[in-house]
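There are two complexes below, and they share chain A, which is joined by chain B in the first and by chain C in the second.
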Partner chain A sequence: MRSIGDLVEVGGADRRRRLSGLAALALAALVPWVLWGLLSAPVNNDCDGACAADGDREAALAAWQHFWSDLAERGETALHPAAADPSLRAAGDTAFMRYRNLWGSIDRDAREAFQNAALSSDPDAKVRLLHPWTMAADKHVRFRARLEIARIHLRRRDLAAAEAMAREALAVADLVPAIVADAYFVLGAVAFEARDLDRAEEALARAVAADPGFWDARQMHLAVLAEQLGQPRQGTAPCLNRTREMIEHLGALPALAEDRTQYRDLADRFALASPVDNPALALLAGLGYLWSGDLGRARDALTRAEGARGPLPGPCADQIRDQARAYRATLE
Partner chain B sequence: MTALGTLFALSLWILVLGWAARPSVAGHPSTPILSAFTWCAVAAPLAASPFWLARLNEWQTAEAVTLAGPETAYLCLWALVLRPLLVQRFDGAQLVASVSQALVAAAAVGLAVDIGDLVFPYWSPSGSPGWVEMAAFALLIGILFVGGLALAQQIDATGGSWDYPAWFAGFLVISHPAASWSSALALNQGDGLWVLSAFYALAAAIHVWQGSAPFGHPPRQGSA
Partner chain C sequence: MDPDEPANEALLDLATNLLAVILIVTLFSLISVPHRQQGSPHPAARSIVAEPFVEPRRDLFPPFSRFYFVVGDRVVRWDQEAVVTARLAEPRRLTGTTHQGRFEWLPEPLVTRDIDTFQMRFFVDAAAVSAHEPPFTESAAARLLLDLLEGHAVERTAPVFIVYPDGLETFARFYDSLRASGIRFRWFTHQPGEPLFLGRHPAQFTHHAIYW
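Up next, the complex of A and B:
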């Protein structure tokens, strides 16, 4: 004869049986979809996320090693941007300020409208003056009017309007890359202001790629990358790429400004602003001091980079520490 | 591991649950073979899931693991400690039961993410799912939740399943950065409160449907 406990157990088993049956039927309904997904999947689907991550890591490592061998071979001049256009000036956050010859062929009315807008101290009046030119026939005028309005919105911290107008500027076709860089710069500044670091990093990288002579874009990209390198939970590939790009900016900024004291300013910035144990920022400070000629501080910063155990993923931190060790050895 | 692993794990779940649903087996709930197969069904998605394997690979290569931190699922952690606090009892048996349910929940979440990644990219090449796809995501997660709950009940025959919804919701919330489609459902919003509430509500509804007290153990009585 069964005990009450056994009867309760059988009742519980019956309830579990009903749930198991229901679950089995519901799961069976998924099988056709899974089969369809399998048949529709690319042939090489046996890698999934792990292979993509491995590929990114290997590519980043290859770029990292190539970068350091180039630097060892050519010194810091390897980081100086090639100045193909003799009209390039370091200062100026629009291409028309940086490249004087871009604006030369603009007709007189448009030129006066932009000058009047520049002289006005009222942002609304500036926008009113510029707005008719956003639909001008000349693509350069059209682009610059949209870009200037985007910059006015950015200064007023109207980020949505600034982004919308910068995107309208990007919609203008057939522009030289140096001009397009300006619109990406506004997008990057908007994203940085909104604390969207990923979008800021991407937009500013595009700005620098479009115009390597863009000092302001490099400067802001450097700031964004430094913040990104302080974030926890980043992958090895982004960590290596960000560190490399920061060192590229460190080498390019003083060259663009024709002012070697910027090495020291930047080194101070990362040495003082990174009390946290971040090997990437310490390496950057060390290289800045090294290239500015301050060997004592360079040694200290590189020693700090060697011992740092900061927030970076292990393989990335190891690579950085190896470079710091190699540079410090040259100072002994 | 190929996506075939996902199909294998899903098939194993269907077989085990289908077997457990047979009346002859239900009359003898502690069948050792069924118990062994149930554990195999739990182990299969953990061992073969591309989602969990990718996380394991990240961990082995000292890469940052693409999971949100446990702090993002702190409400789920609170739910896990709530019952021991309320009943003022925490012993080894409860710990083992909770860990078992955690393994089942991890397997169910891994299977849900793998199936989602396998099926949904082809529904929405643009990567911006519409409401039909979002409803399908929710249905998929719900089905895997119920499947996992059924397996958890097979493993813990005493019927205690307070911890399973909390584990399931917690794993879903921390898997958010690695499961691209889960952002459509904003599973990590509100500190995971709505996800946690939804799974407890679903589990309570299932217990009521089963005719047992929600999350309660069946009364133990002495032999007649």
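Up next, the complex of A and C:
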């Protein structure tokens, strides 16, 4: 026969066991909710190395909305950069051919040295001919000599030397603002070659900002941004800004090359070479096809953008899908 | 002993085991979901067929060209530095000669673009070129290939062959081994008496697409 003390003890143990069991069941019941929350939440919404401030996201969203309003109002011509120079742009050249009548009167000795360096096929001889002009009195000659040596190093794939000389070029003060774009381009190309996408993105953005007519800087910036948007983790603000910048480049390039097939070329490039599940790149391909007049492929690419569940953060992907949906609706 | 105790313990075991199973399933779900997403193309993507064409990108920082004349049974490197030396010796002269021919410096364009803009013509003296070079034998071809490979590795140079009509056969014999070596190269046919035109000028960028 059990004593009262035993009964109290047994009753307490029962209660503890029942409580433990109930707690375990309650926790188990919570797991699906936790799981659902984890799956539906965006992957690391606002962290790109360090967590970005809410202000960045708000600013990116405001810029994004303004961009699309402007585009809806004015069409893709809203993306054409203002042309201060009516002549054909020198696409394919990355040093100075874009600048019409920049030099004015040129010192004859300097010109001959640069011409001989251009004529030479020996990289060491080129550097020897140009080196004395890296300290020339004329700041533009000084800048041009340093830039050309940086380019020679880059052609030889000596990335460290190319970067050092491009930075020396940028150290020359009081230049015509647009020409620093060429040195930033070298820095961007060096970083891209070294697979440092963040530095490449920053340098190429500076190149485009300094010279909005710099066709090759826009092309390379597009390539870097596309790679950045393929990265698995990025913040909402960078994602929105990168997507917007890519579409700005898409709209600007045909105007610079005076060739609307650029829309088509870029659309093909992103439709064929990009991961199929990236809504930003699919939207870019869709707009390229749309603006080049291939409505069938535009519809396909925009539909793909709407359905893509790729690596972008949720709020950014939602904004992109909304735009893809809106553009596709105009094609129905 | 409490008769309900085994039932209670069984309930507790069941609950804890269920929780463990759910946690494991959760873990595997979280690991597998991103992969599943990345590998699931949207059905609409299939409608894009192979017609689109991705244009090759220009080489913005190209290799350094090394020119070779293919004349008769000779393959001779153009001594471009000899032209530079002649120009340095007499910078104001618009014409000059080297051991391989004659050059003419063309006037500057009216619209200045870059400080190093230039255009020149080089008239090859085919007889002089041939006289200073032995015939292009198989062993000479093997040596040239090694030289080209080293030039690309060390200085990032790439050959450009200027092929005269009487040199086509010589070049054709060399062509396959050149292709097989993986060396990046260009070649052009060239008529005797016509000058080689060389320069850096705006039309290369405004009117022509340059891939090297």
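Operating definition for what follows: the second predicted complex is superposed on the first by the 269 of 332 C-alpha atoms of A that agree within 3 Å, B and C clash if a C-alpha of one lies under 4 Å from a C-alpha of the other, contacts with A are read in each partner's own complex, and residues count from 1 in each chain.
Operating definition for what follows: a residue touches a chain if its C-beta (ideal position, glycine included) is under 8 Å from a C-beta of that chain, and two chains touch if they have at least 3 such contacts.
Note that the coordinates shown come from a computational prediction; the quantities given were computed from them, not determined experimentally.
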**Message:** For A:72, using the defined touch cut-off, is the partner it touches chain B, chain C, both, or neither? Pick first, second, both or neither.
**Reply:** neither
**Which of chain B and chain C A:234 touches, first, second, both or neither** = first
**Asked** For A:331, is the partner it touches chain B (first), chain C (second), both, or none of the two (neither)?
**Response** neither
**Message:** A:111 in the overlay: touching chain B, chain C, both, or neither? Say first, second, both or neither.
**Reply:** second
**Message:** If you tally the residues of chain A touched by each partner, is the higher count for chain B or for chain C?
**Reply:** C
**Prompt:** Once the shared chain is lined up, is A:15 touching chain B (first), chain C (second), both, or neither of them?
**Reply:** first
**Item:** Partner chain(s) touched by A:295 [first = chain B, second = chain C, both, neither]
**Value:** neither
**Message:** Per the contact definition in the header, classify A:135: touching chain B only (first), chain C only (second), both, or neither.
**Reply:** neither
**Message:** Taking the superposition on A as described, I'd like to know which of chain B and chain C A:314 touches: first, second, both or neither.
**Reply:** first
**Request:** Could you pull out which residues of chain A sit against chain B in one structure and against chain C in the other?
**Result:** 10, 13-14, 17-18, 20-21, 24, 27-28, 31, 34-35, 38, 232
**chain A to chain C touching residues, read off their complex** = 10, 13-14, 17-18, 20-21, 24-25, 27-28, 31-32, 34-35, 38-39, 43, 87-104, 106, 109-112, 114-123, 125, 129, 141, 144, 148, 151, 154-157, 189, 216, 219-220, 232, 265, 267-269, 271-273, 275-277, 297, 300-301, 303-304, 307-311
**Asked** Can you list the residues on chain A that touch chain B in the complex?
**Response** 1, 3-5, 8-24, 26-31, 33-38, 40-41, 45-46, 48-50, 53-54, 57, 232-236, 313-315
**Asked** Which bits of chain C are touching chain A when the two form their complex?
**Response** 2, 4, 8-9, 11-12, 15-16, 18-19, 22-23, 26, 29-30, 33-34, 37-38, 40-45, 47-48, 52-55, 57-58, 60-67, 80-81, 83-84, 87-88, 91, 111-118, 120, 155-157, 198, 200, 202, 204-207, 209-210
**Message:** Quick check on the complex: what are the chain B residues that touch chain A?
**Reply:** 1-4, 6-7, 10-11, 13-14, 17-18, 20-23, 25-27, 29, 50-51, 53-54, 57-58, 61-66, 69, 115, 117-119, 122, 140, 143-144, 146-147, 149-151, 153-154, 157, 159, 178, 206, 210-212, 218-224
